[in-house]
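Given below, in the form of structure tokens, are the structures.
The following pair of complexes shares a single chain, subunit A, combined with subunit B in the former and subunit C in the latter.
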Partner chain A sequence: MSVIKVPEADIAGWTCATCGTELVLAPVELEYLDSLFNVELPRCPSCGFVYIPEGLALGKMHQVEQLLEDK
Partner chain B sequence: MEQAELRQWEQQCVQEEVPWCLAACPLHVDAKAFCALMAQQRWDKAWMVLAKTLPVPGILARLCDAPCQEVCVRKDVGGAIEMGRLERFCAENAKPVAPPRRLPSRGKSIAVFGGGLTGLCGAWELARRGFDVTLSCSVVGEGLPALPDGVLDAEVASLEKLGVVIRRSESLPLERLQDCLVDSDAAFIDSASVPEDWTVFLGEPDAMTLGTTQLGVFSSPAGESSAIMQAAAGRRAANSVERFTQGVSMVSGRDHEGPYATRLFTNLASVDVVEPIKTSGPYSEDTARDEAKRCLQCECMECVKGCEYLRHFNYYPKVYVRQVYNNESIVMGTRQANTLINSCMLCGLCETVCPEDFSMADVCLQARQTMVETGKMPQSAHEFALRDMAFADGDRCTLARHAPGESSSEYVFFPGCQLTASDPEGVMAAYGDLRDRLGAVGLMLHCCSAPAAWAGRQALAEASMATLKQQWEDLGCPRIIAACPTCLKTLRQGLPDVEILSHWSILRAVGLPSGAMSVPCPLAVNDPCAARYDPLLREDVRAVLDRMRVEMVEPAYNGELAQCCGYGGLVSEANPDLGLAVADVRAKGADEDFVTYCIMCRDMIAKTGKRAMHVYDLLYPRQDDPAARPSPGYSARRENRVRLKEQLLRDVWGQDETHTVEPYESIEFDVTDAVARSMEDRRILKSDIQKVLLQARESGTRLVNRETGYFLASFRPVVMTYWVEYEERAAGLLVHRVWCHRMKIQGAQP
Partner chain C sequence: MTPSTTEIPLWEHPVLRAAAGETLRPGGFAITDRAAALIGLVPGWRVLDVGSGLGVTVDRLRARFGVESWGVELSGSQIARGDARHVIQARGDVLPFADGTFDAVFCECVLSLFENPRQGLAEFHRVIRPQGVVVLADLYAEGRIESSGNSCGERAVSLATTRTQIEACGFSVRLVEDHTDQLKNLAAKLVFAGDHRAGGCGCGLGYYLMIAQKEGEPHGG
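Our next item is the complex of A and B:
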């Protein structure tokens, strides 16, 4: 599966508070209604905590959710 | 939905039925389109409408006797549109158009006899369909009244351009007819323009086919004086010739060939009387335009006029029902009509105003039930409402008790889960008043199951109804007093054998509670859509308001025509923007402050910024300006229900039973105004935020922003992942942003 890159997912000053590590863009698996997407998202390289920005959640991600619900 | 059901629904919607003028015209001229163009002074375009349908249009438009005027819907509101005069104006003033393009030759030769209007029209109709036509006549244009110079010649030239071979000055002995049967594939006789022995020989033609005693010879009926009917005979003959030469049925499917009746309904209730333009001579450009403007542009759209939902999707039920049917038929691919199906308020207004009783509610509810059964209902559509219903039906909110000190109940008060959510104090006061004056009145706090039914979840609705029925039986089957119109309707459907009264009928019988107040200014009485079929309920409420000396005005679309407030059918959940638009339309129904007996109407109208109060605000006054009370948010609604139960147990039954506090409930935080709005828009509860904050505190998993120092945490308690951006201040936590999504992050993310 190819990795989807989303321009909205910039790192925008966030670091992992737990590990004190800068976030890096890395492939992350998202799942909804039995569909899996491999998306490049900001993630803590140490603990793996993934950041989903508001614009992405309410924008493209929401559109995909609706599309899957209507399939 | 089966295809037969689709057909039945489609048949029920009359919006696509043709206008009366078009149906009554023997040639079916689109007079509505013609008038629309004439009203815009687009004479040339209007002429094209006529020329598309009329044979020899230059002649016929000048001679048309306009039978459409007899059925014109405008005739009862001023007088029929003067279609004949408009046609003549157009014929005189528009740019002539070339005759229609002839279809490829069929290789069939047809003999037409007689050069009167019928013969010319028959030749025109046959030639344009690709027949090789020879028109034999003694005089071209025989019997026609005087026409302006050049008109007849121009149309004859058009006929020749269409390929008609005209043999003028022909004598027509009967042998010619017999000869032609050998040389031609069929013949058409203009009976008004041939010798009498021909018509005697052929006999009276069949009314439908115009067929005569001679096979393949068609003839116009004798004695027809109407020009448009003469032209129609030409077209009917052309249709028959076409069928005859193709060897297909001469009779099937010809019902709509001549004038026929239509079912199109056009409401005249709000149409002003406007009389035809009066002028003795020909129309000027202005008078022609003004006369055409009187055309009502007939259509039905009765349901769409009063329903923001039906208007929102740009069409009308006939189109929608097909979209719903197609939606259900899709096996692979995107179902396009899910939003349409889930946006109906299920309020029944369309059925009430429809001349044919079309119910979009029935179509949509059935579709929702099927979607649920087949697992195709989008999860996001009703999930929040169903979670809220589950909460209202949960232990922290439900109650079923006899009045304190009583071991039986003559009545049980059923306020409904939305009234308890929005106005717990009002419910407390109402229950106290009922006990004071009726004695043994028990109390039931439960959802009536309407949200599940609206969401198409029949099994869930039945289970909820079964539980409340059991609780009611355990109370000894008392009479139910319901305050909410939706509860009344739903309980009466679910418990048909139970005596269910409205709180308003009780108050009408026993009188007002002490302390009931009035207001000095008139109020608009809002009937909720649930009271549409309950005139007694509407009357009881008005009687109660009347006793309070409330001066009442009726908003637009009230009573049995009540518009929904935007909550019904869960539209505000499945389509929040539309829900608000619907509420806005309802709120604009009156200038005065609203008073309503449905708390969801109160809250939805209040959400639009319009002042609205519930009748309880007047019966059991608790604040100075109840119409200014904002609609409580989703979190407050839940807390109100919980607090009401606790307060009732404590104050009424003397039990101090506080529920077990969940760990997340101890998390305190403030929100910015923007977050408060986001929480409502995104259906994020205070408890959802508390769960995220607790999870972050316990796990330490969170992000921090280098610039602002704010933290960001996420948590997925069940089906949604919530994100909370917050600041740790000395005074406590302040939440700056919240959002959520349904997608799950695979891996260890909590």
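Our next item is the complex of A and C:
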């Protein structure tokens, strides 16, 4: 499955609060209902923590949820 | 003048390739492989993929099922971007093949874009041998009899309309399956990838697989 690049996923200036390591863009599997999406998101290379920007969570991810729920 | 991104049809836009992969359609090879298994595709069959895009389905059918597959594609840019070894540039409703050439015709996510789908189905019927099969997969819009507009979603018609058209052309429908989940999945990927048209791709529309058989006695039978 190809990795979808999301314009809102910007890593500039973000570090992991636990590790202090700079986040990197990495493929992350998002699962919702029966759908699986391979999306490139900011992730801590040390602990694997994934950061989802607020704009993405309230924008596209919300839109995707509504689409899959048929609302 | 350079066309804006909104003027480029979705099937020509890089965002579709990013979201759907090289098949450029909902379900990717999953629906193709399922249809191939359902119709009992066997090595040596002559198969035509109408609207073959980048030619990946033609290659898939050759590699996985050992058939002699060919594609026709109207868009020269799609042919240039893909594997053109077994693809001919032609309209899907004016096929450059003799009557009864093919054992099966595949047409996935393309028929709804035809100016006259019934004319296209009649042409499929002409190039398929008696008792050969047509595999259709496409968007549907329940309650819509006539298509309008230019996008896949706007041009989708109801399943009943397509069924009536295909039966009027001399096919018997053998199977209809709903794969709307695959359409929604692609629409969601398009949303992630940033295509503004994706919302319309998932609302009020469905996606079907239909397999129909040409009536008549087989050759030599």
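Here, the second predicted complex is superposed on the first by the 69 of 71 C-alpha atoms of A that agree within 3 Å, B and C clash if a C-alpha of one lies under 4 Å from a C-alpha of the other, contacts with A are read in each partner's own complex, and residues count from 1 in each chain.
In the analysis below, a residue touches a chain if its C-beta (ideal position, glycine included) is under 8 Å from a C-beta of that chain, and two chains touch if they have at least 3 such contacts.
Nothing here was measured: the structure is a model prediction, and the numbers come from that model.
S.K.: Looking at the overlay, does A:L67 come into contact with subunit B only (first), subunit C only (second), both, or neither?
M.R.: Touch partners of A:L67: subunit B and subunit C.
S.K.: Should A:L58 be classified as contacting the first partner (subunit B), the second (subunit C), both, or neither?
M.R.: First partner only.
S.K.: Using the superposition on chain A described above, determine whether A:I4 touches subunit B (first), subunit C (second), both, or neither.
M.R.: Second partner only, subunit C.
S.K.: Considering only the touch criterion stated at the top, classify A:A17 as touching first (subunit B), second (subunit C), both, or neither.
M.R.: first
S.K.: In this superposed model, does subunit C or subunit B come into contact with more residues of subunit A?
M.R.: Residues of subunit A touched, subunit B against subunit C: more for B.
S.K.: A:E29 in the overlay: touching subunit B, subunit C, both, or neither? Say first, second, both or neither.
M.R.: It touches subunit B, and subunit C stays clear.
S.K.: Overlap the subunit B and subunit C contact sets on subunit A and report the shared residues.
M.R.: Shared contact residues on subunit A: 32, 37, 64, 67, 70.
S.K.: How about subunit A: which of its residues touch subunit C in the complex?
M.R.: 1-2, 4-7, 32, 34-35, 37, 39, 60, 63-64, 67-68, 70
S.K.: Contact residues on subunit C for subunit A in the complex?
M.R.: On the subunit C side, the touching residues are 18-19, 21, 181, 184-185, 187-189, 191-194, 198-199, 202-203.
S.K.: Touching residues of subunit A toward subunit B in the complex: what are they?
M.R.: So the residues of subunit A touching subunit B come out as 12-18, 23, 28-33, 36-37, 44, 47-52, 54, 57-58, 61-62, 64-67, 69-71.
S.K.: So in the complex, the part of subunit B that touches subunit A is made up of which residues?
M.R.: 333-336, 338, 378-381, 682, 700-708, 711-712, 714, 721, 723, 737, 739-749
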